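Just below is one structure, and these are the notes that go with it.
Labels run A, B, C, D and E following the written order; every chain starts at residue 1.
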Amino acid sequence: MYIGRVKGTVTSTIKHKLYTGHKLLLVARLNLDGSESSTYDICLDDVHAGVGDVVVVLDEGGSARQVIQKRGTGPARAVIIGIVDAVELSGA
Amino acid sequence: MYIGRVKGTVTSTIKHKLYTGHKLLLVARLNLDGSESSTYDICLDDVHAGVGDVVVVLDEGGSARQVIQKRGTGPARAVIIGIVDAVELSGA
Amino acid sequence: MYIGRVKGTVTSTIKHKLYTGHKLLLVARLNLDGSESSTYDICLDDVHAGVGDVVVVLDEGGSARQVIQKRGTGPARAVIIGIVDAVELSGA
Amino acid sequence: MYIGRVKGTVTSTIKHKLYTGHKLLLVARLNLDGSESSTYDICLDDVHAGVGDVVVVLDEGGSARQVIQKRGTGPARAVIIGIVDAVELSGA
Amino acid sequence: MYIGRVKGTVTSTIKHKLYTGHKLLLVARLNLDGSESSTYDICLDDVHAGVGDVVVVLDEGGSARQVIQKRGTGPARAVIIGIVDAVELSGA
């Protein structure tokens, strides 16, 4: 799992029917210092995240499937499972 | 899942019988700014994508199998699940 | 599996209900020479690790699920499975 | 899946019995321009590939297991599933 | 799967009970030219490898579980499945 920032959305008219009705969000992975890395994922969303939100992304297919199958969504490799309130870092 | 551009096709006469009759597409992964990265995947196709199309790639074996097993195809790590109409990015 | 150092915690009020009541720990991956890399994971914890601890992280979804399902936790890609006492390296 | 070139073989007398009688091939991953990258995998072989052959490698454990279980082989993360005749690239 | 060299051991008193009684080995991944990369894994061992041995590592959770479940071990992402006698490389 990693911390990311929702950067935008992907629109796709022609898509596999399992994804019909589901938003695809572009999420940039954040580094430990809070800066954005160049790595991103297209994620399904389980917590109604919006553009600009800092989120927790579960980036493993099997686990992601467990989360979203509870809501009738199709297969996924990455899903947003939480909105981040705070990250507390120690120098230890 | 990531955004990619279909770059070409791979022809293979001698191949595992599960792949007989299926096109193998070369897809370059795109960066968040729309440029092509040097990373690619050979993908199966579920939406009749063509060379030059910008597509959504599902890049996890377990999920990819769920998508393609509905069509009698063999195992895969990556499958094209949608053709991209638009990517909307926010600076937020 | 890799060796990491617990760097801090992530607070998330709005999160998938499978994660309710579970701490999310930020763990930086350590290099072989003991220095911290820039790579991190958000991990679930199975051994009551604290900030500053050097830990063993199991970073594969299927295996991580096997460990945590014994405790009623939700899906995960990474879980802390041990606290490191010593790393013995040979130059061989 | 990716395109690779078979570079050599690995000999191992003491090995897990599931691999007894199976050749382990060293395959270098090729870049999109056909050059060899520094990344490699040790692959099981399902199509009788030889050293120097350009091949299609299926690099995901779950899918690889589906392919090789049809032949009584042990677990694998990567398996050669085809020999490449041609790669057709478009500048589009 | 990749080729690695056993570099040392990790001692952990407080660990998940599935790992009790099992050695955790530090294995550095080798490049194709035989040099050590900076990448490593903590591996379970299925062939009694020792420090300094060059080994074959199976680095995928699902496959690794298949190997070790035959011996009553816990979940793992990486397991040593063979000791390397020789690597034969061709310039082809």
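The rule is simple: contacts are C-beta pairs under 8 Å (C-beta built on N, C-alpha and C of every residue); 3 or more make two chains touch, one makes a residue touch a chain.
Note that the structure is a prediction, hence the values are computed from the model and not measured.
K.L.:
Starting at chain C, what is the smallest number of hops through touching chains needed to reach chain D?
P.N.:
Between chain C and chain D, the shortest chain-hopping route counts 2.
K.L.:
Chain A-chain B contact: same residues or different, taking over half shared as same?
P.N.:
The interface of chain A with chain B is built from mostly unshared positions.
K.L.:
So, what's the distance in Å between the C-alpha centres of chain C and chain A?
P.N.:
20
K.L.:
With centres defined as the mean C-alpha position, give me the chain A-chain D separation in Å.
P.N.:
32
K.L.:
Hey, what residues on chain D touch two or more of the other chains?
P.N.:
Touching at least two other chains: 60-62, 64.
K.L.:
What order results when the ring of chains is traversed from chain D, passing next through chain E?
P.N.:
Here the ring, read from chain D toward chain E, comes out as D, E, C, A, B.
K.L.:
Considering only the defined contacts, which chain D positions touch chain B in the complex?
P.N.:
Contacts found on chain D: 1-3, 31-32, 46-47, 56, 58-64, 66-67, 81-90, 92.
K.L.:
Applying the document's contact rule, which stretches of chain A touch chain B when the two form their complex?
P.N.:
On the chain A side, the touching residues are 5, 7-16, 18-19, 24, 26, 28, 38, 40-43, 51-52, 60-62, 64-65, 74-78.
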